[in-house]
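The two complexes that follow have chain A in common; it is paired with chain B in the first and with chain C in the second.
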Partner chain A sequence: MASSTPTATTLFRRLCWDGTVPIEVKIDSKELPAGSDRTLESFYIRAPRVSYLPLLIQEVKTFLFDLVLDEASAKDMKTDDWWFEAEGGALLKWHWPVGLLYDLHLVAHPAPDFQMKPFTIILHLASPPTDKLLFTPSIETCKQSFMGQLKEADFLRWGNTKRVTGLRKEDQDGLWEGIVEHNFDDFWRIASKIAPSPNPLAPPLTPNPSSPTLPAPSSRPASTQPPSGSDRDNAYSVRSVPVRIYLPDGPVIQDLVPPFLEDGLPHSLNLFLSAQLPLLFKPSPTSPLTPVDPNAPKSNLAFALIQGVIAPLDCEMAWLGACMSGADGWVNVCIGLDK
Partner chain B sequence: DGGDESALSPPTVKSQARTVTIDQFIVYSATFQVPTFYFSAHQSDGSTLGLGDIEALRLLKAHSRPDSEINSYAITPIASPFPLLSQGDHPTLGTPCWYFHPCETSTAVQEILHEIGEMDWEGEDGLARWMGAWFSVLSSAVDL
Partner chain C sequence: MEGAEALETYKKKDAAKVVVRFKAVGNAPIMKQNFYKITAANRFQAVIQFLRKELGWKTGDPLFTYINLAFSPAPDDTVANLYKSFATEGHLIVNYSTTAAWG
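Here is the complex of A and B:
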């Protein structure tokens, strides 16, 4: 039985859920069939961060069909070959949450005053580059990818996927339905059964099932209260927080993120980033006893964008995992370079 | 095996000769901490092959897999809500590939190591044996 979720956690989850990003959809006019109204070039959507491009297609379709295309073309139009491209030319992945696509765009093309400008994306109606995008970009494949991410997050946290696979089919489907309908209550009613809650004052009394590759937490901050509820769902008891780092121009970085480090310190964002990206983030003053890299910067050269917020570096990774993850359970950290 | 091919029912593949390139990758899964098999298949004009065509190539060994539902984007065992094979980003290249879900890999490999009495392995030799067992598991699903 999941322990009841602290109010603050619910608040942050609500904020993340309600987060939206402004998107301007421009249709590639070269691809519009003859007879279309070309004066209506752009269509604006405020898209939920937790949504996906295939789910937005419906709205775009309505706009196109009602206002742009003439009847004959509307009848023939298939959305199977539709694909999106960012204005700078970057292909937009169907199966990445909209919030991630937006944040990545923001760090890759920073605005001088860091405003939330609409993300301009170009809708192509034909010839998708299937060598670079997942083909069959349907709502079904999106759902499958989402469930896969949930399962991976589950595995990272607990070493097995029992929480996700143990959900009844209607609950599994219900999670995706919550995303499609964008209904916080419907989604979290089910998600709270599998998502961890932060409870840093109650570290586990028994060691976690350890794997050879993860440090077993040895010394812990002393607890002044007995652990409340069950450790099963404590964000600070996980093996690893599901986190991915996205650089503006590079591959996605994924590594193990235990909630506490070997010396018993909570794993903070600062410690995590200075270990993963030592040339961009200076080591924390309380970092483990490793020799200071002479190439390490004296001050941070970059910042971390999580759910569209520049995250304070003293955030704890376990807390981020419980409160600032996407609907799929992952904390997506987009790295932006300081000017 | 040359033999009596005329006695077999013909596969449902187009009869014109075509070159199909299959790129195969073994990538370490950061999540499941095991090697994972990714592949993509395309024709000489660059177009990617869908699952139907891939099945027709006999790259995947259908007979050894549990009863599964196959559609254009995944192979999913009937008994499971999660697929055996589906599409995903190549972890370092970022390009779309088909991959075998690795959550059962560790169990399958352990079973083989147990069978051959190789549970206590150490060092590089042990890792090599683990990979050997991994290839065994893979080759039951893929014609390598």
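Here is the complex of A and C:
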């Protein structure tokens, strides 16, 4: 229940939820009907990270209808045919959270000093390439896709989807409504029934004498021992943390991410990334068992961006799953190259 | 190796194949052969298209696909990713139905 969620967890969830990204929507002027005011070709939005492109259309539509289109064309305009592209022609996925689209753009086109620059996207008013978008661009298919991701995350954590399917219909709909309305309390009142919780009450992990470099920063919740099976919502008792790695211009990598490794140490972002991307991340100092790859870099060549934040590599995967996941339960790790 | 070079290495498509096993749900027709080796780098969308072809489904005929009787994956996820996370005894089990089953 929300009332029993630890304060630190609520704080991180709130920060992720409240995060917004600046977007400049440019309208493809070739597709504007005659009689439109072409001097107003850009529209700026501060979009919630947890939102989706189809949910931004209403706001863009109001702008377009009030200021750009004349009355006759406004009447004929169908938003069903609208779709978005990034500058340069990359198709933007309707079913990926806006924050993920923004972070991926940021790692693929890094601005000097990571200035918060608006992400320019092109709105097309006609002929959506449905075969490439994979979905009919509509709010309903976007909702279905969100529910699919939520269940996939649930299945990864617990080996079944009982937590999500066990919600009443109005609660399932309420989750989506919480995103549409960008209402933290409405969303998390329901989501806290399915999201795992880091367990700060458990005793901290005893430092392992064989790995003196084990970092123990005080800025994050202490590690926990593998808990007993009785703690059904503990982030450290899941089978796997739902995580995807996004490389600039692809591919997307997904694998099983247990919260603890065989040697009993908590699985960290460093261990995870050096195992999945050994050409970019040097072997973790806390993993003495891993044989050193001769191709392994001497220092890290890349960084991990999670929810717009460059994540410290000693973050534990279970903690990321509980505190830094998106509304669909997935931790999206975008990889950028160090300059 | 430079970072950019490493990224290019990760972009290369894996030619490995994995076994996908199709299982009908409800009234959906059963396939005579239900084991197929599919290139792991394919997107799940390719699996859906393959299945539609095998079933002789026309454009617009309803077909719902699920993994492990539990959820519908995103069509742009790769077979490799789904296999790594959800394979059972060396098979990725794909259920198909003509009606929404676990929507």
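Some notes on this structure:
The criterion applied here is as follows: the second predicted complex is superposed on the first by the 303 of 339 C-alpha atoms of A that agree within 3 Å, B and C clash if a C-alpha of one lies under 4 Å from a C-alpha of the other, contacts with A are read in each partner's own complex, and residues count from 1 in each chain.
By definition in this document, a residue touches a chain if its C-beta (ideal position, glycine included) is under 8 Å from a C-beta of that chain, and two chains touch if they have at least 3 such contacts.
Bear in mind the structure is a predicted one, so any value in this text is a computation, not a measurement.
Superposition of the two structures on chain A shows chain C clashing with chain B. Contact with chain C, but none with chain B, is seen for A:Asp249 once the two complexes are overlaid on the shared chain. Look at A:Leu265: by the touch rule set out above, it reaches neither chain B nor chain C.
In the superposed model, A:Lys169 makes contact with chain B only, not with chain C.
Contact with neither chain B nor chain C is seen for A:Ala74 once the two complexes are overlaid on the shared chain. Of the two partner chains, neither chain B nor chain C is touched by A:Ala108.
When the two structures are aligned on the shared chain, A:Leu280 is found in touch with chain C, with no touch to chain B. Using the contact criterion defined above for the overlaid structures, shared-chain residue A:Lys93 touches chain B and also reaches chain C.
In the superposed pair of complexes, A:Leu32 makes contact with neither chain B nor chain C. In the superposition on chain A, A:Asp338 makes contact with chain C only, not with chain B.
Shared contact residues on chain A (touching chain B in one structure, chain C in the other): 93, 134-135, 144-145, 147-148, 151-152, 155-156, 161, 165, 251-252, 254-256. Residues 30-33, 42, 46-48, 50, 72-74, 81-83, 86-89, 91-92, 94-96, 101, 103 of chain B touch chain A in their complex. Here chain A touches chain C in the complex through residues 93, 95, 134-135, 144-145, 147-149, 151-152, 154-156, 160-161, 165, 240, 244, 247-256, 277, 279-280, 295, 297, 301-302, 337-338, going by the rule given at the top.
Interface residues of chain A facing chain B in the complex, by the touch rule stated above, are 93, 130-136, 138, 140-141, 144-145, 147-148, 151-152, 155-156, 161, 165, 169, 172, 211, 213, 242, 251-252, 254-256.
Considering their complex, residues 1-4, 6-7, 9-11, 45, 67-68, 70-78, 81-82, 84-86, 102-103 of chain C touch chain A.
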